[in-house]
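Starting off with a structure, shown below.
Chains: A, B, C, D and E, in written order; residue numbering restarts at 1 for each.
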Amino acid sequence: MNEGLKEKLEKAFPHAAITSMRDTDYVVTADKESVLSLLAYVKDAGFDHLTLISCVDWIDEGEFELVYILSPYMKDNEQISGNEKINLILKTRIARGNPAFQTVTHIFENAEPYERELHELFGVHFEGHKRLIPLFLERAYDIPPFRKDFDTRRYVKEVFDNIPAIQDIKA
Amino acid sequence: MRELELYFGPQHLGMVGNFSITLKAEGDRVLKATANPGYLHRGFEKLMEYRTWIQNFPLVCRINVVEPDHVEMAYAMAVEKLAGIEVPERAQYVRSIYLELARVGSHLFGLWAYANMLGFDTVAQWAMYHRDLVLDLFEELTGGRVYHIYIWPGGVRRDFPKGFKDKIVTTLHSIGGCVPDYDAAFFNNAIFHKRASGIGKIDQRRARELGATGQVLRATGMKYDVRKVAPYAAYDKVEWNVPVRSDGDAYSRIWVVRDEMIESVHMIFKLLDCMPEGEVFNKPPNPFKWKIPRGEAYARCESSRGEFGAYVVSNGEDKPYRVHFRTPSYPHGLIILEKLLENANIADVGNTMISLYVVAPEIDR
Amino acid sequence: MAMPSILGPFKTLRFLFEKPKTLRYPFERKEPALRYRGFHLNDWEKCTGCGNCADICPNQAIEMVEIPDMEAQPGQKNERPRLDYGRCCFCGLCVDICPPGSLRLSRDYFHIHFDTKTFTFIPKDEKTEKEKFLPPDKYSILQASLAHRKQDYEGFASDLDFSLFEPERITMPELGAEERKMSFVEQVLGYDKESARKEAARCLECKLCEEACPAHLKISDYVRAIYEDKPADSLKTIFKDNPIPAICGRICMKHCETACSLSIRGEPIAIRWLKRYVADSILDYKTALELSPAQPSGKKVAIIGAGPSGLALAYFLTLQGHHAVVFDAFPGGGGMVRIGPPAYRLPLESIDKDVNHMASLGVEFNFNTRVGSDISFEDIMKKYDAVYLAIGTSQSRSTKVKNADKCMLALDFLRKSKLESGVVVGKKIVVIGGGNVAMDVARTGLRLQKMQYPDEPTEIKTVCLENGDEMPASEDEIRESKEEGIAFNPAWGPKEVRLDDGGNIAGLLCMKVKSVFDGQGRFSPSFYEDQELFLEADTIIEAIGQAPDFSFIPQNLMSTLEFTPRRKVKVDENGQTTITRVFAGGDIVNINLDAVTAIADAKVAAEGIGKIFSKKTSG
Amino acid sequence: MDRNKIGKWLKQPAKMANKYSLNAVYFCTGCGIIEIPPVITARWDAERFGIIPVATPRQGNLFMITGYVSLKTLRAIIRTYEQMPDPKYTVGFGSCPINGGMYWDSYNTIKHLDRYIPVDGWIAGCMPRPEAVFIGVTHLWTLIEKDMANGYLRYREHYDQYRGNQEKLLGKLDWPPLYATGIAQKEIAA
Amino acid sequence: MVATVAQCVLLPVLGIVIGLFFLGLYRKIMARLHWRYGPPLIQPVIDILRLFFQGGMSHGAVFDFGLVLSLAGAMAIILFIPFAQWCPLQGSGGMLVILYLMLLMPLGTALSGGEAANPNASIGISRKLILALGYEVPLLLILLSVMSYYSTISIVDIVRGQQASVWALFSWPLALPGIAYILILPAVLGVRPFDTTTAPQEISSGPLVEYGGKYLAFEHIIHALSLFLGISLFVNLFLGGAANPIVFFVKILVVFVACVCINAVFPRLRIEQAVSYLWKWPTAIAFLGLVVVSLVK
């Protein structure tokens, strides 16, 4: 990241903590109120490629961590500016008890399926999302399956191992 | 006209992979398309939380059956970043050659899918035949035809077998010898041109907004290739070009794919020429005891379909705490496809989908 | 790009007249690649049943099953992997982790069946299961299955350079031969934290070592604790089975390392040195162990001999709340290990560390007290609730050849050189014997020579009956001795000690050995009388074995003490001898003659004594 | 191969025709599908034995379950299987349908395919190579020859159990039962 | 009379046999272009045999009726098209009957396919009808030119006319409609790039989507017959028919192989592209041909 942006970010968002791991990964930890404005800000600053929205279940701390990973597209069709190799990892935490957050689909259109996925697999509600309908799953699960307290091995034992093999009646 | 509801897939000859699109159509015109994934959802990222770092390597490659190699690479790169493992120089070259071979194989598979979709069996069969030759190379190198499980943290799993260099060269030459035939029969076929040009057209601004990468973006004119913008493995060691086109339609995309294949083959030759001797594997610690310090890493590489990324979080244990893969087909198949199919012709549904090279397992994971 | 053309595609019609490229399978075939990952092969002779493959399998496709007619031995479990091809993904992780390299993947991959039960099987290879592996002329691809496979069809095999384990150990820093032979400074320098952790990280936790260890230490647990940088936890684990880690960490005979699955193709984990690292890195055992004192039971146990067995028993009994009183003739603890291993292997401080810790727990030590002369055995029998004989083999044997009385005996020599000062050696020493004691003697003699004749040429030789590769001494000892410049004369037996005119030793006359053992495998050497070798010497030390000294036991009791055919004290499963209340352990009981077996005996005895006590109180 | 024996054709035309005209329903159920294109294309050319992919289940008589089966796919598989006309043959590909395979602990894939639809043969491997598919087909021929590839009959016979297992996992199925339930019991009683 | 009856019985059988042979040959030639060996020539017969033994599902009376209609239509046309010198019903109706009967085949398929209530089938049928509309226009113009040139509606007379002079394709005024016919022949036969109707990769083989068992077997036979008929018509109109069956067979074989080659080197067009193509060049040439023919005449 060019130093300018880092300083600008620090000035505009004094509460956000910016750390750099290695030379290409920058981690910005922000409180949840400032995430939307931060995203809009970095988008204008050139990080216009939202590569991934992820969620980490920190069950011991009772929080979900939403992770937005951004990187810049090329400004010019031909020339590489050197900024493109930077990954900006923007993180914020929300309470695990009643997980809800604002959608970012109005800033990044491609956030739509990511948020749908997180809604389905983690049970995080995104307010303002137009299509929070199931994406992958067929069965209903009591606990969204990607949460840490969902034990897939136990689930397999309880559900699949209880399906009996076909008995040959004649035998 | 009567409004129809059509299911394109999952059981469908034109569907590559287990994917489904629900179409609302009026006659031949699609009103609304809804991607319906999940037929291949296995919960990889959840399963990975139950397996140790090294046990995950056989698992991750299953995320994309067409080209497992870039999944391995993304995961290995993330793990190497997290654990601070160095990769020997020769291994970087071996990895690059291996990944480029995978790209050629994968593009040939894409070519098969595309030609097959258009009912053009002839080219489809050739492409599949040639892909099989590439698979033979993989078998020789890694011991597996489809799932290679070759890249390991700290290098690669085995060195080149004896005489392998020559074998690569012979095979690629024999495939390259058929390029004029491919061109004549497929890429320069007037009817194919008629069928593909203007289909699934997307301009650069829209492509950027929707998070496109890979040939979808390159077909709109941007030379965006992770191998170039954020070089990994040995991609910065040799000269090569990023092929682009400017129309943004299916025809451009397939031409980008074609040029990319040829560029990959040239790159393999160059890499083979300047490959150094030496070690190819820095052993990671004992797999039963390997713990990676707390932290997170995002690593990305350029797969044959676009940017492939792995976001890995460790909490200091011998298993990953959370893994999330950024797969190129995800935005392509779930957003761009839906947008492109609005108002398209029913005959072009599969055409559009395959020109975006949507691979279902990497969407569902 | 050329212009799209409508006629161009017709060019491809020429393929109508070309030969198809199809491989007409199954009429034409293509062999799978040399590295192909197909079904498993397992060399049962090499397989140790360690179960690493089952542990690493991400799919739990491998299960270790007990083979009924197979016997477990040290370093060998009676289990073999069973594969489930309803799970296996042919990743080959099991091959890369297999320490002996017995598990390989073949190039066979055909198994087609309508019954899912046939997809589970126990892999073997053509060496152990001929009927399933057919030569090419009998092999038919149409019948190919798990039970109908091709011979010599090995595919993906293990390669040490690419294995997942580290076959080479982290080198233990030690003094060079030239440096160490000048003094009695401890030869090995010990691991620092980093290298200890690295070495500990090599452990695959297959637990073969634990089964091989006579005392069944929880080795993989304490090694893991070292890796996790928790030496206190590690020490706690060790102390459950072995209360003298500082001693054992130096001189243990390491049955564990022999059994270690890594030792088959690489170097075993340095389990002994890791134990030494734990014992040395913790300065105060007591605080690290956080032992809670047991309720005193009021029982008193006398332990005769403060060797490993005695010390261990004292510790175990103390933990049970009994009062242990130890008698020993030497001025400090350790028994045989106090005098046996020279200071460059086992410094006295290390022994004292373990002994002092024991004393601090409340064990009563009576040193310089020889039972029989200083205190009578009858008194002990009267005063104590139980007696434990851990007297070891304290008397050196002599060759009894002509003029052998002029020679020194090994134990006397070692004791004098370690505990007292003032053994004078000559410039030319000959040591008779090929065991570890002989090596100790020779290397001690060498150091004494270097110290006593710093600038003069000296020489030291050994003579033993066995061939070079049959010598009973451990390989490490032989190698290190050779490094230090000790000459070996294997397969020569002593015939006569030649004296010079003054009655001093002039040398040893040897004769060539024909065989060491007779037809029944008993020790009964025979010689070629005509082949002779004369070794010049001014000092000869005999180190051919030791025997126990039961002279302190009164005759009436001695007559009831029974022995096994191998001249060992007979004990029951509780460690009790044929004399009631008298228990025994250590070298007089077991044939291994080493510290850790002695500890194992103590463990048995501790349980036996506890049982007897509880029986008495309840009954 | 006895395709060219005229006597056999005259004796059992139905069996022979079934053997040498295996039309596979093209359904990419799992990753095993990756080896089907090579099998049916130029390198291996399964059409030599009359094996071609067909577009709809109504036209096919061979159903290859290629790899793991997720719950959502299972629903589609049952639908497809029931649409196929008798006689029909099912082949399970690779480890996953046998005993869970890689995904033995996944919450979204089934572990034993034969508890939901009948399977006539299994091919080991992950993935089975094209060669194994060919040998698998020869085994299927033998089974057809010996009347042992009778999965479709078993399905009819034990339809209660199959449907029960399917509904246990997928909930109430939104299509009517293929066979009247309870037939098997009645037949046995009679 | 006996000869006519015998021809009435034998010609449809011969048509089916040749049609099935063509299907087998088609697969074989395609395979060679794919660099592979392909199935045995007999494979279509095995397939049809298998389908007859396989249980199929009917989707109602109209479904069955449509199928019968198609089959009957196809069988009927055979009797009107000369196979070399054999043409049992040469006296009655000629070209007009053929044109009328040729509509029966798509109609019957449409009827029965539509009954199957599968959206893919309905799309396929609409495509089939649109495509038929597409080639019927130039085809009518072509037939008109031929008929007006030889001033007869009897196909037997047309054949005789050609055998008297040169093949229509190489005669001056008829060359234009001949070229137009060549251009639409793939569409008439439904081979690529005009196989939009059944496009398996797009609409799961369209009208056939719900066919199984013997119904599908009949569809295969109808398909084989329609191949035979389409080519026979072309050979009779423009390649001068033939005086003996062997020559005729060789002629239709050559035309068929040419069609397969076209099929092999092109991908499939979209239906509106196909129609716009058919209404553009072939129609224009055919129209021009008609004008020239009427002027010459």
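FYI, contacts are C-beta pairs under 8 Å (C-beta built on N, C-alpha and C of every residue); 3 or more make two chains touch, one makes a residue touch a chain.
All of these numbers come straight from a predicted model, not from anything done at the bench.
A.B. asks: Compute the shortest path length in steps from subunit B to subunit C over the network of touching chains.
C.D. replies: 1
A.B. asks: I need the common contact partners of subunit A and subunit C, sorted by label.
C.D. replies: Where subunit A and subunit C share a partner, that partner set is B, D.
A.B. asks: Note the shortest touch-path length, in steps, from subunit B to subunit E.
C.D. replies: 1
A.B. asks: Per-chain Cα mean versus the mean over all protein Cα atoms: which chain has them closest together?
C.D. replies: B
A.B. asks: Would you identify the chain whose Cα-based centre sits farthest away from the centre of subunit D?
C.D. replies: Result for the farthest chain: C.
A.B. asks: Quick check for the class: compute each chain's Cα centroid; which one is farthest from the centroid of subunit E?
C.D. replies: Taking each chain's C-alpha mean as its centre, the farthest from subunit E is C.
A.B. asks: So, what's the distance in Å between the C-alpha centres of subunit D and subunit C?
C.D. replies: Measuring from centre to centre gives 57 Å for this pair.
A.B. asks: In whole angstrom, how far does the Cα centroid of subunit C sit from the Cα centroid of subunit E?
C.D. replies: 88
A.B. asks: In whole angstrom, what separates the CA-based centres of subunit A and subunit E?
C.D. replies: Computed from C-alpha means, the inter-chain centre distance equals 58 Å.
A.B. asks: Between subunit D and subunit E, what distance separates the C-alpha centroids? Give it in angstrom.
C.D. replies: Centre separation, subunit D to subunit E: 36 Å.
A.B. asks: Using the touch definition from the top, which residues of subunit B touch two or more other chains?
C.D. replies: 12-13, 38, 41, 43, 46-47, 50, 58-59, 122, 125-126, 129, 147, 185, 189, 191-192, 194, 364 - these are the residues of subunit B that touch more than one other chain.
A.B. asks: Would you pick out the residues of subunit D that each touch at least 2 other chains?
C.D. replies: As it turns out, subunit D has residues touching two or more other chains at 41-45, 48, 54-56, 70, 72, 100, 102, 104-108, 112, 114, 126, 129.
A.B. asks: Residues of subunit E touching 2+ other chains?
C.D. replies: 31, 33-37, 200-201, 204-205, 264-266
A.B. asks: Which pairs of chains touch one another in this structure?
C.D. replies: A-B, A-D, B-C, B-D, B-E, C-D, C-E, D-E
A.B. asks: Which residues, counting only subunit E, touch subunit B once they are in their complex?
C.D. replies: Answer in residue numbers: 30, 33-36, 119-120, 122-123, 126-127, 192-193, 195-196, 199-205, 264-273.
A.B. asks: Please give the residue numbers of subunit D that touch subunit C in the complex, ascending.
C.D. replies: Listed in rising order, the residues are 42-45, 48, 95, 98-102, 104, 112, 114, 119-126, 128-132, 134-136, 138-139, 143, 148-149.
A.B. asks: Please give the residue numbers of subunit D that touch subunit A in the complex, ascending.
C.D. replies: Residues of subunit D touching subunit A: 70-72, 75, 100, 104-108, 110-112, 114-115, 118, 154, 157-158, 161-162, 165, 168-171, 184-185, 188.
A.B. asks: Quick check: in the complex, which residue numbers of subunit A touch subunit D?
C.D. replies: 136-139, 141, 145, 150, 152-153, 155-156, 159-170
A.B. asks: Any idea which subunit E residues touch subunit C in the complex?
C.D. replies: Contacts found on subunit E: 29, 31-33, 35-37, 261, 264-266.
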